[in-house]
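Next, two complexes with chain A in common: one pairs it with chain B, the other with chain C.
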Partner chain A sequence: MMAIDLQAKAKQLVKTRCEVGIGRAIADSFIIGQRNLIRLSRQPAVITGVLVFPIVFLTAFLLAFERSMATQNIDYIQYLVPIITLQAMFFTAMNSASNLAGDIDTGMLQRCRAMPISRAAVLGGLLIAYLVRAIVTLAILLPVAYLYGFRFQSGVFSVIGYILLTLFFTTVAVTGYALLALGLKKPDLVQSLVIVPYAPFLLLSSGFSPAENFPNWLQPFVVTQPVSHIAAALRALADGDPLLIPLLWSVAWLTVLLGGFGWTAIWLYRRIS
Partner chain B sequence: MDVMVEARGLEKCFGRTRALQGIDLSVPAGSVLGVLGPNGAGKTTTINCLTTLLKPDKGYATIAGYDVIKQPAAVRSLIGVTGQFAAVDEELTARENLVLFGRLLRLSATEATKRATELLGQFELLEAGNRRVKEFSGGMRRRLDLAASIVAEPLVLFLDEPTTGLDPRSRRQLWDMVVALKERGITIFLTTQYLEEADELADRIVVIDRGTVIAEGTSDDLKNRVGGTFCKLELADPKDESKVRRALSGLGDITGTGTLTLAAPDGVTTLSEVVRRVDAIGVTLADISLCRPSLDDVFFALTGHTTGETT
Partner chain C sequence: MTLPLNAAQLVKTRQEGGFLRTVYDIAIVTQRNLLLDLRNPAVIIGSTGFPIFLMLIFTASFAKVVVPEGSYTDYAQFLVPLSTIQGLLFSTINTGTALYYDLRSGMVSRLRTLPIARSAVLAGRILGGAGRLLVQVIFITLVGHLIGFRFQNGFINSLIYLLLPVLFTSAFSWVAVFLAVKAKSAETVQAAMAPWLLPLTFLSIGYVPKEGFPEWVQGFVSINPVSAVAQAMRGLSSGGPFIEYVIQALLWSAALTAVFSTLAIRAYQKRNS
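Right after this comes the complex of A and B.
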């Protein structure tokens, strides 16, 4: 049996260091989020990824396709900015997978798992840091898009809606990529595979070019997959077009994916070894 | 005596590999248990089960009476863990790391900062405190790792091969720090591949091999089982062998040819007696040394195979 004082000390530690509860989950996520942000601010590749890449892509696609799209009566800057936004978020999420895999590799994740901190905190902290990064990206991308002629046609609420839907997408993408990192664990492997979802979901969407420009056999995929719906919703928000249908599709897709990814990621986090 | 850590019949399989095949051990409060074994013996798996990182297939374990399977959150609030690879954030400075772990362990921002400075001093990292960990040497990293696992003082500290890969000086430094923690009353569960390390730090030693405990006792108990220290002498001229054997009669069994070995229960005293007698008969020695049993010797005596063969 334990001596009384040791038992009392143990009991007190168990009480004061309790990891359970939503309050703890939020507090711990913010502490880890802050740590992730310090890390991100020290990675040179992140700076270029946040500041330069989206602008380079926006400019390059505009130069390449603006004229040909004009022949289809498409104002390409209005059409393009939403998918460039989503693409920037996709790259953000890809980077989150690499960083999480790094934490698994160095043993940082195991250390956190053996500490009395919320089981949701590592994923929560990842999400918080990458949402901050996403907001910074938007704060750079949207003004540059404005300079190129991109306009929100229907006021401030559509701007807020555009940002919120983008951040919802980022949340789902980061969670999905966290799942990939937790499943594959090895940084090299994760690094080499993060690009794989990019091709089908970003390039084979109606985000860069309308669905009818794709081969007939591919069109069902293009019109069904989530990125097409989200890009359409963002375009509707920017152009002031009817929003309900694409928005409902987007929210439905994102909710289902977030539930699936999130649940599986926490399940994997508890079991990873 | 109070039992702080207890494991009974722990079993764990990874696919077809039976990593743990029924581990039993207990650690009295305030003591240091050294778990000795080669790579792949199940040391890390045992630690992972005890620290809630891994769920054992069978058996149970408790920390201060809390069940690691049924009350993992309670167990985590009582323990500190230093893994096999220094798990600290390379991109952060030493100080930032300690503040991070302090905040996660419920210290306020001010308390965590104060505690970080205190620990940096204690672990001789004050000067390097504001440098990023990726610039640290192996020894500094391990020290920081150790500091990080006691930011909020645990009841039990788990150290998984804390000095593997360190140079002798860094190893000595780390040992001193572990001893200091022990003196503060922290119960320590240490795994190691080095008998010397277990010898230096542990009150009791458990030897594990292929997922089971094969021996248990103090380091003296274990050494006695392999015959303890012995004296090895190399003759300059092999022809002197019979003369030397005669001169050393009464000191114990002498084995070998050319290089002679005999048990040296009194260590240096036996050695100097040997030197004195050999000198007296005018024989020259090429070399003489006192050898302590290595982990390999202990292993060979206990299992009939050397440490390398089990991996």
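Right after this comes the complex of A and C.
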């Protein structure tokens, strides 16, 4: 009699507090996201990562290679800004992995699980915080690029498209890196391995230098891999060039990756105890 | 009574203040730091792997841009010195963070209570770091060999080639050590060094010859100490004049070491933990 009573009461409580459901999941994610943002705003390395690094990379590459690229008839500022944008998003995602690993290490993740919040909130909150960081990064990077001579050639929709595609990429990258953190769990290990996906995909792409400049045996990889397609789509958006093919490739790649990463991340998250 | 009875006599018997004793103490602390590195090979592999990776990727993507008429091997011969310097410079950050962890964990306090030379903590850290740098030079050069880098200028010059960047970057280890003594978190060292190390290496003759830069940057490129070291290493490995550049590199190393070792030692003495 007593037991049934309690169970009914618990059900009623859960119902009043609306612990499940999409609305609750979103609200919880925003709370965790806010917590992540507060933490981000207090890390000195994040400030340099957001403010300084993308601009330093943009300036360094532009100064070092603009003239050499001009001999290949490439206006390097237009060519370079998309890949620097993607690089900044990679840094964002890499930082999310080490912070998530830190949460696993300190027990924050377990604390979150013990609370009456949506199970999606930890990963959702991580994503929200890092998308905000990505927007801040873009808001700093693009004006500086404008000062250097970077121009959107075809109106306001291309700017919106550029930002949306960048954020889609960030979503996929943060999810992918969450996988790394959930799989490895140890912060120092994660810290030393975040570079492993970054280096080949960002640097062996047609983002910094056209694919024809790579050795023949590397070109197939450079041409097919997702970062090359996304950089090409961003360039097409900025330059007002034919967009359809690179955009389709990018969206296809990103959707497939998001599905794969997301599914595996949720699976790994459930297994962590 | 045959036993020495007062402290002054004790100190005298144990020769705690002498020059030889200082050298011996520094050697012991250096050995301890090197042993720590040996026990954590992942750290060395990680911090050596990244510059090697950058070197391979830059060779693949920019060889045809910088030397359009040359081969990938030609660019490797050109690039390996700079990749070496760049890798070592970033590695000095690790020397700083390692010291920071020693300060925080109480290892340094422990060393201060021991009857050893006071300079042993910092000097041992720098020398231990130099040992690690030497290992990295050798690794990077070996991989450079695989992509076509060759010593073409005799055995003695090759030896100087290996030692010069270690000496030069050890001056930057002092900067990292100085920052570590002042720092409030391990990330601070990273955040305070990475943003200027990057342009310092890019805006040199390392990736691109001086003529590749816009005129207004060429002045900085010429006086950049990294340019002098890269030029010296190119002369030492590939032939051509190098004595002038070796002297420049040595003078830079001496000046930077003098300034930053003084600052670091003063900061260390002021610190009361």
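Note that in this section the second predicted complex is superposed on the first by the 259 of 273 C-alpha atoms of A that agree within 3 Å, B and C clash if a C-alpha of one lies under 4 Å from a C-alpha of the other, contacts with A are read in each partner's own complex, and residues count from 1 in each chain.
As a convention for this text, a residue touches a chain if its C-beta (ideal position, glycine included) is under 8 Å from a C-beta of that chain, and two chains touch if they have at least 3 such contacts.
Because the structure is predicted, anything quoted here is derived from the model rather than measured.
Once the two complexes are laid over each other on the shared chain, residue contacts for A:Gln43 go to chain B and to chain C alike. Of the two partner chains placed by the overlay, only chain C lies in contact with A:Ala199; chain B stays clear of it.
In the overlay built on the shared chain, the residue A:Met108 is in contact with chain B alone; chain C does not reach it. With both structures placed on the common chain, the touch criterion links A:Ala10 to chain B but leaves chain C unconnected. Within the superposed three-chain model, A:Pro116 lies in touch with chain B and out of touch with chain C [touch as defined at top]. In the overlay built on the shared chain, the residue A:Phe53 is in contact with chain C alone; chain B does not reach it.
Look at A:Ile32: by the touch rule set out above, it reaches chain B but stays clear of chain C. When the two structures are aligned on the shared chain, A:Ser68 is found in touch with chain C, with no touch to chain B. Counting contacts by the rule stated earlier, residues 43 of chain A appear in both its interface with chain B and its interface with chain C. On the side of chain B, the complex with chain A involves touching residues 2-4, 29, 48, 51-54, 64-66, 73-74, 76-79, 81, 83-92, 96, 100-101, 103-106, 132, 148, 152, 155.
Across the complex, chain A meets chain C through its residues 43-45, 47-48, 52-53, 56-57, 59-61, 63-69, 71-72, 192, 195, 199, 203-204, 208-209, 212-215, 218. Those residues of chain A that touch chain B in the complex are listed here as 1-3, 6-7, 9-10, 13-14, 16-20, 28, 31-32, 35, 38-39, 42-43, 106-108, 110-117, 121, 273. Interface of chain C with chain A (complex): residues 42-43, 46, 49-50, 53-54, 57, 60-66, 68, 72, 185, 187-188, 190-191, 194-195, 198-199, 202-203, 207-208, 211-214, 217.
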